[in-house]
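The structure under discussion appears below in the form of structure tokens.
Chain IDs A, B, C and D follow the sequence of writing; residue 1 opens each chain.
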Amino acid sequence: MMPVRLGPLLLAHPIINASGTMEILDLAEVLGPDVLSVPPVAAYVPKTITMDARTGNPAPRILETPGGMINAIGLEGEGLKGFVADRLPRLLALPCPLIISIGGFSLDEYVGLAAGLREALEAALGDGWTAKAGLELNISCPNVHSGCVSIGSNPAETELVVGAVRKIWPGLLIAKLTPNVTDITAIARAAEAAGADAVAAVNTYKGLVIDRKTLRPYLGNVTGGLSGPAIKPLALRAVYELYETVGIPIVGMGGVATARDVLEFMACGAAAVAVGSAAFRDPSVGASLAVDLWDELTARGTSVADVVGVAHRPV
Amino acid sequence: MMPVRLGPLLLAHPIINASGTMEILDLAEVLGPDVLSVPPVAAYVPKTITMDARTGNPAPRILETPGGMINAIGLEGEGLKGFVADRLPRLLALPCPLIISIGGFSLDEYVGLAAGLREALEAALGDGWTAKAGLELNISCPNVHSGCVSIGSNPAETELVVGAVRKIWPGLLIAKLTPNVTDITAIARAAEAAGADAVAAVNTYKGLVIDRKTLRPYLGNVTGGLSGPAIKPLALRAVYELYETVGIPIVGMGGVATARDVLEFMACGAAAVAVGSAAFRDPSVGASLAVDLWDELTARGTSVADVVGVAHRPV
Amino acid sequence: MAGGAPAVWPPVAGAGAGGAFAARCLGAVVENRSLGSLVWLTLEVPGWPGAVPGQFAMLQARDSGCFLGRPLSVSAQYGEVVSFMIAPIGEGTRELCALSVGEQVWVLGPLGNGFDLDLLTAGPGRTVLVGGGVGAAPFPLLLSALAARYQQTPPPADAPKPEVLVLLGFRDASQACGAGPLAGAAEELEAAGVSCPGEVATEDGSIGRPERVTETMWRQVRPGDRLAVCGPWPMIEGVAKVCACIPDVQVWYSLEAGMACGVGSCHGCVVTLADGSRARVCREGPVFSSAALFDRGCFDAPAGGAS
Amino acid sequence: MAGGAPAVWPPVAGAGAGGAFAARCLGAVVENRSLGSLVWLTLEVPGWPGAVPGQFAMLQARDSGCFLGRPLSVSAQYGEVVSFMIAPIGEGTRELCALSVGEQVWVLGPLGNGFDLDLLTAGPGRTVLVGGGVGAAPFPLLLSALAARYQQTPPPADAPKPEVLVLLGFRDASQACGAGPLAGAAEELEAAGVSCPGEVATEDGSIGRPERVTETMWRQVRPGDRLAVCGPWPMIEGVAKVCACIPDVQVWYSLEAGMACGVGSCHGCVVTLADGSRARVCREGPVFSSAALFDRGCFDAPAGGAS
């Protein structure tokens, strides 16, 4: 069975995690170190790293909704320096590639984050680092009030940011797209033109929930991002349209919970598929999906290569 | 209890139906004529009328999805002439106002539809017709391949169409918005500037489902529109943003199934609330919602007037 | 008429949830009997008005995880006690099949047009019921209705004994248990002086003849017969091809289609008719004549279909 | 390390769904006992490693209509038999409370830090457990653990008899049935030579004193006491205000928060700590010291909170 190629990275199978939905180092402490030696995903994607440390949005930050959930975490995190010093070394010890998600509030921040990570990776791994670690540009987080999301809803700004990072980042470069736009393919074309190796789609759909007692917005951040099975038909459509538009690989995500969901994303055109919210109820779901996908493909007598994009071809 | 005013129409309560989700004349034949003498809604909205008769999209057209459903009906219908001759007289006999939804494939068609309806209404009711019947411009159907949806995702075109209809339509004029845009408030501002009396939000979210056997698109139309509880957080956010943007009333909809949902839409800013897909499983849900809303408001010691927009005010 | 808003709100004061017009009602499970791979689910449905054979109801378990109801043919009814024969193929039907006695189900119905008994029994030919899989579901009710009809208006003594022939095709023996509930109704027919032979075929040959029901038809159907056919679309097509070759048969097909509302509101359940127009399976159907469905009244070109 | 992709796919050949690393497991209901308005749900959880008192698990009925699990404190455990005390307040908890013996539940846990028995029993003061409503859920396990501890290391004969005081506040008598499961554990303590008095208050006065548990505290808590507190955020605030006025008490609060994952992955369950930083209730908690939570170790300014 062919592994999946994303730029210079080779993935053992098509299942990765969605950024912000799996803290693998915490999992190792809570559930045991097996998760580090046999990760449930073919590449590990940490939560989006920002330049400075951020405390994120005020509570409450999450609520279950029909068929899914809404969140407004607000890119909480230790910032670039903390990540490089504290978590990066341990994550580089994983037996799988690393796709590091970064989010900036300006073009300079994106470039600074990429430069900082490149430096750290070169120091740790030498020249071969591009076979181990890639970059995902989160230009699509709906839960911060300035910066990345406005970039991701504008083709020109997308092209600028992706192009600037491309200049200094020789490794895998993915642009993660927001679906909260009139035409996601225009953003993807801009990312492709600027040299992205792949696009990831989708980030969450902007929504709002009301507190049943006060009738005021429930989330501390007022709005949040919808994820989970509820959005799967929307995400599939985005991937389907992207496959007809760009030539670079697509990392599909949005509501994946079963191997059939994975197949559906691949049929629409995803070369790799990320599982996000479903890993909250089952942190090992990535491993189950990989195994079940293998079984499904075998049962159908087909392969990853044949399934990707099949929905676009006549029966 | 104050009735709800939408332009020149007075509604006994805030609950109406969403266009395309209730064939009240069929209901009368299937479930008995009570539905015509005591309609479950405060105003009846027929399925979008087009200029010419349309057979709509090929089957299959609907599928249940997690927390909702997807449809690609494709504006099937008898066309303006058939509607005016066949159904309009019977619908005018309902003891509640009528909000007639129209969908055109060009500016001329919108104007032609409005003119034709005005003529028919004047002939049937004389001068007083504007107290009985209003117009909803469907500039947002995701399931037809040209025409109305592109208008609704472009502020300039929206202004043009709404303005042209406004010139010849003295009655209630609602612009029904698509949520499949980067900024729904820009479209709403255009509609308001062009003289719309109200906006309706939202139409369905564009999605796609995959046939589990063939791995090809399931719907005959390839893509379809997502509706039902799954989209409620997305629709609430749209209504919330619209309330901060436009001064005209908002008709809120998207996933309404319970009186609490109705309250949530009103809290976000909806003056009236439409129930759509939930009426498929229970055609009388409108009546239950009205009664339950009354009970809820009474229990909370509040009123329609106080609840509308309350989510925007401090506790 | 002017103005038009009723003056009171809530529209029906003090009527409680549902108001004057409550479309659905809650039925309670009185029996859940396994029939091989199918389930015979019997509900007590307050106010059930009685269904014409071939009519269906939209069912949804009260605490369902599904959003919409599911269309299911009425298989039997005795007053307000109504039975359904259900194949657990997806979430909605699995929920229903898992219900225990006493649990509740939302019921909307009866819906659709049903079979026309006059047409099915007119003329000298036999009435032939052709069912594929759980497509046999409406037949117990249809046979009972035919029995009642012959009992009320017995055939003239000098006429040849009328015959209702039942041809059923199943995947395997476990699905063929669905034939069980027809036995009682067949006896009613015999008691009414009507002969009611039947034949069962299974695809895997585990019970009955190892063939498809269309093959049984080649042997059994005769010119002049009137057919009531119920099953999935591929079977409908197969039956139509057979019927195209037998002169002077008249056929009524009960179609399946994905449904959201069952009452004509959503336009989701359409089938393309022979004349190119579209009909709602839930309103104009589920029973359509071969003339309506197929060019020249029989299948020779892919006119459309509900799936 | 270079390259890094493991060569085989599936990652663990033939391991079946879940592979080598299966985080959740399916437990089976062995008892569903009603406790007034609460439910005492006992599961057999294969491989349950044992929880520290105050730890919780994420539970989800196997055929749940909910997307996510729900955090529930471990109330008792005997090997792989684990009990939870559940208030059916929403869809998730109602589903769990409706389960019958034999039905299955996804279990992820034990999770969180739990109470530190060393700290709770250090020094000469008493250990005081303060619970609000279903906040009493972790206390049966906590009392049992304290009993085991005193049994293993009996207090010196010349020292005053240790005391564990239990103060519980409930909405009404029907919720106060949640105090029941503490009785057995209290007896274990008495048997271990520890006195274990308790007091129950209800807001509506239908059982016990007609007061809030914070009022009970004014009467009962003494300088030097060490408190384990569990309940909803408004009660936590109330308790903190009382404790701010009693010198030399140390308090550990077990907090509630909406959770998606329970394992630290989502950052959804945060509480704002006294120093302005945010902590995940599921990972850094659910138990936090008063020093961590409140400025000057007690409540006088709204530092944050989980809701």
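Criterion: a residue touches a chain if its C-beta (ideal position, glycine included) is under 8 Å from a C-beta of that chain, and two chains touch if they have at least 3 such contacts.
Quick caveat, the model's predicted, so the values are computed rather than measured.
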- Which chains does chain A share as contact partners with chain B? none
- Tell me which chain's centre, taken as the mean of its C-alpha atoms, is farthest from chain A. C
- Provide the C-alpha centroid distance between chain C and chain D, rounded to the nearest whole angstrom. 54
- Message: Roughly how far is chain B from chain D, centre to centre by C-alpha average, rounded to an integer in Å?
- Response: 48
- Whole-Å separation of chain centres (CA-atom averages), chain B against chain C: 34
- Message: Give the residues of chain C touching no fewer than two other chains, as numbers and ranges.
- Response: none
- Item | Residues within chain B bordering two or more other chains | 67-68, 228-229
- Message: Please output the residues of chain B touching chain C within their complex, sorted ascending.
- Response: 1, 3, 9-13, 20-23, 26-27, 30-31, 34-35, 38-40, 42-43, 47, 55-56, 58-64, 67-69, 71, 73, 76, 92-98, 125, 128, 131-132, 228-229, 277, 279-284, 287-288, 290-292, 294
- Mind listing the chain B positions that touch chain A in their complex? 65-68, 70, 153, 180-182, 205-210, 212, 214-217, 223-224, 226, 228-234, 236-237, 240, 255, 260, 263-264, 267-268, 307, 310-311, 315
- Task: Could you pull out which chain C residues touch chain B in their complex?
- Result: 1-12, 15-24, 58, 60, 66-69, 92, 106, 108, 111, 257-261, 263-272, 276-278, 283, 304-307
